[in-house]
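In the two complexes that follow, chain A is the common piece, with chain B as its partner first and chain C second.
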Partner chain A sequence: MIEVKGVCFAYPTGVEALKEVSLEIRDGDFVAIMGSNGAGKTTLVKHFNGLLKPASGEVFVDGVSTRSVSTASLAREVGFVFQNPDHQLFCETVEEEVAYALKNFGFEEGIVKSRVTWALNLLGLTQYRQTSPFMLSGGERKRLALASVLAWDPQVVVLDEPTIGQDYEQKEKLRQFIVQLNAQGKTVVVVTHDVEFVADCGPRIVLMAEGKIVADGDAKEILTNKELTFKASIVPPQMTQIFVGLADFGLPTDVINVHEARRILLGFLKEEEKP
Partner chain B sequence: MSVFEGFRFRHVHSPIHHLDPRVKFLYVLVVFGIAIAFLEVFPLVLLFLIQIPFVLLARVQREWIRSLKGALFLAILIFAVNLAFGYFGGTSPSSMFLWEYPLAMSLRFLVLVESFSIFFLTTSPDHLSLALEQSHVPYEFCFAFTTAIRFVPVLAEEAQTIMDAQKARGLELERGNFIKRVKNYVPILIPLIVSAIRRSLELAEAMESRAWGATQKRTNLYVLRLKSADYTLIIASLGMLVCSIYLRLYVAVPSLTMLLT
Partner chain C sequence: MPIIEAKNLTYTYPGGTEPAIKNVSLTIEKGDFVILTGPSGCGKTTLCRCFNGLIPHFYAGRLEGELSVARLNVIERPIYEMARHVGLVFQNPENQLFALSVEKDVAFGLENLGLPRDQIRERVDWALQMTGIEELRERAPHELSGGQQQRVAIACVLAMQPEVMVLDEPTSFLDPLGAQKIFEVVSELNRKLGVTVILVEHRLDLASKHANHVIIMNERTIVLDDEPQEVFDSESARLIGVGIPKATKLWVMLRQNGVRLGRAPVNPEEAVQLLRGVLQRDRS
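Our next item is the complex of A and B:
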């Protein structure tokens, strides 16, 4: 469990990135942190594995204050996938790249091998085992970064802007993968601007603006709230916009994704067809 | 990364910022020359102190202190290495020279950091490019040089992000002996170099797409002209240089060894 209690944080440039932020993420939660650029989303999640330490307030991971332990030891529990995979890839082969963190954490050689195989298989990268990470496409590098984190099986997985630079197919695969990961009991935290992606996943949303949490709740409740979305500079999902436009036909306005929309529209059409 | 902050241009309206970059560079070269010429602690301390009014006039003291703080580790390392070489090289432990030489070397380094920090903190990359162009350096070189300077803070920020990314994968930079610690930086350096090369290729493509080099003879909107303050600094710098050469050649500069024995 991650507990954030009254955390304030300012960068050396003087920018106050977090102002009295409090949040609780329980084991097995699926949380999307949303908000405009500079709202403090990445700054907040960097506190989860101790990359940043709060100026005031406390962050606890499984009851342990992040001030008292190193990032390396917290990373064992909280895996962090950075926005740009190029910020972490450096090994000669894909296989070595995935094994790197496992070796840092002191896993035995046999376990390293089996975990690497498992992670590469999971992300569909087995055929690139001996390829240089720099020869992979953007989407493949992103998957490699994810594989290199999942390999050590952390309880919490934080993904910073996972959908950037992904084509539709990859994005859909990623969505299914994340949902599956969460269904297996992992705590998943996603930092994103991608409203459609969040609408399809349907997680709990933590909405941030100007270094503060302005809302925390169900995806449907938040994405269909005009005031909140405006405050956090995000646009409601396309489906919500369409259904708001169709409100005069007696259709609900709190629809956020295609599956829900199809179900409602089919019901509506059947009703219309009745004599 | 604080040391890089001390070399990043700060836009402030101050007499030092308005000086001609060529004149400021002449001043830096003079300070450089004097720092190299002396191996005694006193002239180096004096040289260090002389520059403080420049920092205060330029109102960049915070950034300047940051650059010195960042350089302090290297200064201590220089001191330690020179002390060790002096000690194991046969200099008597009771001799004051054993301490003065490493101290002077560290001070020399700090003076150089100080003067370059003042120069880069108060000179915008645009003015620097203009100064180089007006000194008849080919434009391609001027551009490459100023772009490199402009990208130092960007690279510093990127290095920090890469460090974070590797720490999040269990890397502990401060773990192990000296060799291991040096090796720990490989996961930082490779992504940083790859990223810098990628960035430079992207920049080259973006510039070529925007007609880089289409005109053979470039003109500039602004032209640098020397003002009275610039002439004053030229005279002061040359005066300092002449005095230092005279002192070096004809006056016995007191060393710590001479004063304390």
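Our next item is the complex of A and C:
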């Protein structure tokens, strides 16, 4: 679906943000890109919809090089939500904001209406239909940015820090939705620092440091690897920390989420009670 | 001694149809480390804007009730005077940064305080070091990654070492180690210099161990105001949908299965201690 081949990229200031990055994201993948501040995550994902073009190397979306097509034509297929929602919101009302792209892509009026209603409901913004996006709270603005992209149901969604500013309930709703999207065959890429969110989703993790990819594997393998997490400035999930602290009882240490933790502890306590 | 006292604060933004905060009353003691949390849109940022006088002096609108911060009546005192006592890290770092270089941004507030040159230099160096951005000092703030920008925004307020530090989701863009480091620095200022801290945060997992006071807002007013353990263990916090730390969640789930662990842990270290106790008991 997305193929990144030996991509280098430097900003006009001379900062080399990507150094020979190669990565393959297959149709239907669920990938979390993690890593320290300034590692190059945002720069990398901006290549996925042609917002940035590589200085050298090549990015292919669905087999087509991003050099040979406009960002506008990629937008329909690759929905992109910016790290900072202020870079994305410009309409007078919340409702218009969500309708904007739908209209642009030529959806008919009835569908625009029903998609807007659906997206605002999903992101808990229905009460703000007629409100100006600039009168929303920080978390609400982020959700509006998400709503306006999810509304047109792109085949690939790239979400830069989707959980920023979200309370527990919104985050959980978003998580369930993303997992469901992925189950329907959509390709999902999230850039995130939110370890607990990743531990709950369990996606493939691509780890970046200093403009390079330093690891690529499943969530459990990466989040419980001490050297890797340290290198990427990640603090392991709370459950991993707890189980590392209990290692001398013979419990496994590669536990990342709370349901798994409960099951193991209950099993262990029962077994000990038997004799 | 209270350093912040609010009585029946109600505020409506210009053009707003409903108040963004309603009847907020609270007392924060000097030296408290407060976590302020609650669902998105409940009024946290609005309340923070009152603490340093942005409301009502920058945002017009209608403010009712009483508010005193650092012995000053916020409604009467100008923003520049409040700024000597209260520092605010904005929720969106981009809105806080305006200078041409990181260094100039961090020095700006200190120059306004009229500090001598060498002291400014010292404070700027220290703040850049604490936030891990010494190598970025010459860079333009708008040419940085999101997390790097947020580090600059935090450095600006740290450098001021104000009596009251209000941090509105200051680590939302930070990598987890970076966030941990910031909480430690802030906690140290709190313990050593007695700086009063008000931290807005959704991810209680990271911050709860430093706090002695938790305030939960819901639907634009305060609904819980207590010590961390009491709040995290309370049914009402869960009903509001506040995300309790994962360590606490495990404890709740185990309790539902009849495993008794004593007092609710708020972080992994405490959970390890409690679990070790149970596992050992079980063994002997």
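The criterion applied here is as follows: the second predicted complex is superposed on the first by the 275 of 275 C-alpha atoms of A that agree within 3 Å, B and C clash if a C-alpha of one lies under 4 Å from a C-alpha of the other, contacts with A are read in each partner's own complex, and residues count from 1 in each chain.
Assume a contact is a pair of C-beta atoms (placed from the backbone, for glycine too) under 8 Å apart; a residue touches a chain by one contact, two chains touch by 3 or more.
Being a predicted model, the structure only gives us computed values, none of them experimental.
Undergrad: In the superposed arrangement, does A:Asn104 touch chain B (first), chain C (second), both or neither?
TA: After superposition on chain A, A:Asn104 lies in contact with chain B alone.
Undergrad: Now for A:Phe134: first (chain B), second (chain C), both, or neither, which partner does it touch?
TA: So A:Phe134 only meets chain B here.
Undergrad: Once chain A of both complexes is superposed, is A:Arg76 in touch with chain B (first), chain C (second), both, or neither?
TA: Touch partner of A:Arg76: chain B, not chain C.
Undergrad: After superposition on the shared chain, which partner residues are touched by A:Tyr11: those of chain B (first), chain C (second), both, or neither?
TA: It touches chain C, and chain B stays clear.
Undergrad: Who does A:Asp86 touch here: chain B (first), chain C (second), both, or neither?
TA: After superposing on A, A:Asp86 lies in contact with both chain B and chain C.
Undergrad: One more residue to check, A:Leu51. First (chain B), second (chain C), both or neither?
TA: The first partner, chain B, only.
Undergrad: Which chain, chain B or chain C, ends up touching more residues of chain A in the combined arrangement?
TA: C
Undergrad: On the A-aligned overlay, A:Asp254 touches which partner chain: chain B = first, chain C = second, or both, or neither?
TA: A:Asp254: touches no partner chain.
Undergrad: For A:Asp218, using the defined touch cut-off, is the partner it touches chain B, chain C, both, or neither? Pick first, second, both or neither.
TA: The answer is neither, since A:Asp218 touches no partner chain.
Undergrad: Could you list which residues of chain A make contact with chain B in one structure and with chain C in the other?
TA: Comparing the two interfaces on chain A, one with chain B and one with chain C, the shared residues are 84, 86.
Undergrad: Give the list of chain A residues in touch with chain C in this complex.
TA: 11, 13, 15, 35-38, 42, 83-84, 86, 132, 135-140, 143, 161, 164-171, 193-196, 230, 232-235, 237-239, 241-242, 245-246, 249, 258, 261-262, 265-266, 268-269, 272-273
Undergrad: Can you list the chain A residues touching chain B in their complex?
TA: Contacts found on chain A: 12, 46, 49, 51, 70-72, 75-76, 79-80, 82, 84, 86-90, 100-101, 104-105, 134, 148-149, 152.
Undergrad: For chain C, which residues are in contact with chain A within the complex?
TA: Residues 13, 15-16, 37-41, 45, 91-92, 94, 139-140, 143-148, 151, 169, 172-180, 202-203, 205-206, 241-247, 249-250, 253-254, 257, 259, 267-269, 271-272, 275-276, 278-279, 282-283.
Undergrad: Applying the document's contact rule, which stretches of chain B touch chain A when the two form their complex?
TA: It comes out as residues 2, 5, 158, 161-162, 164-172, 186-187, 190-191, 194-195, 198.
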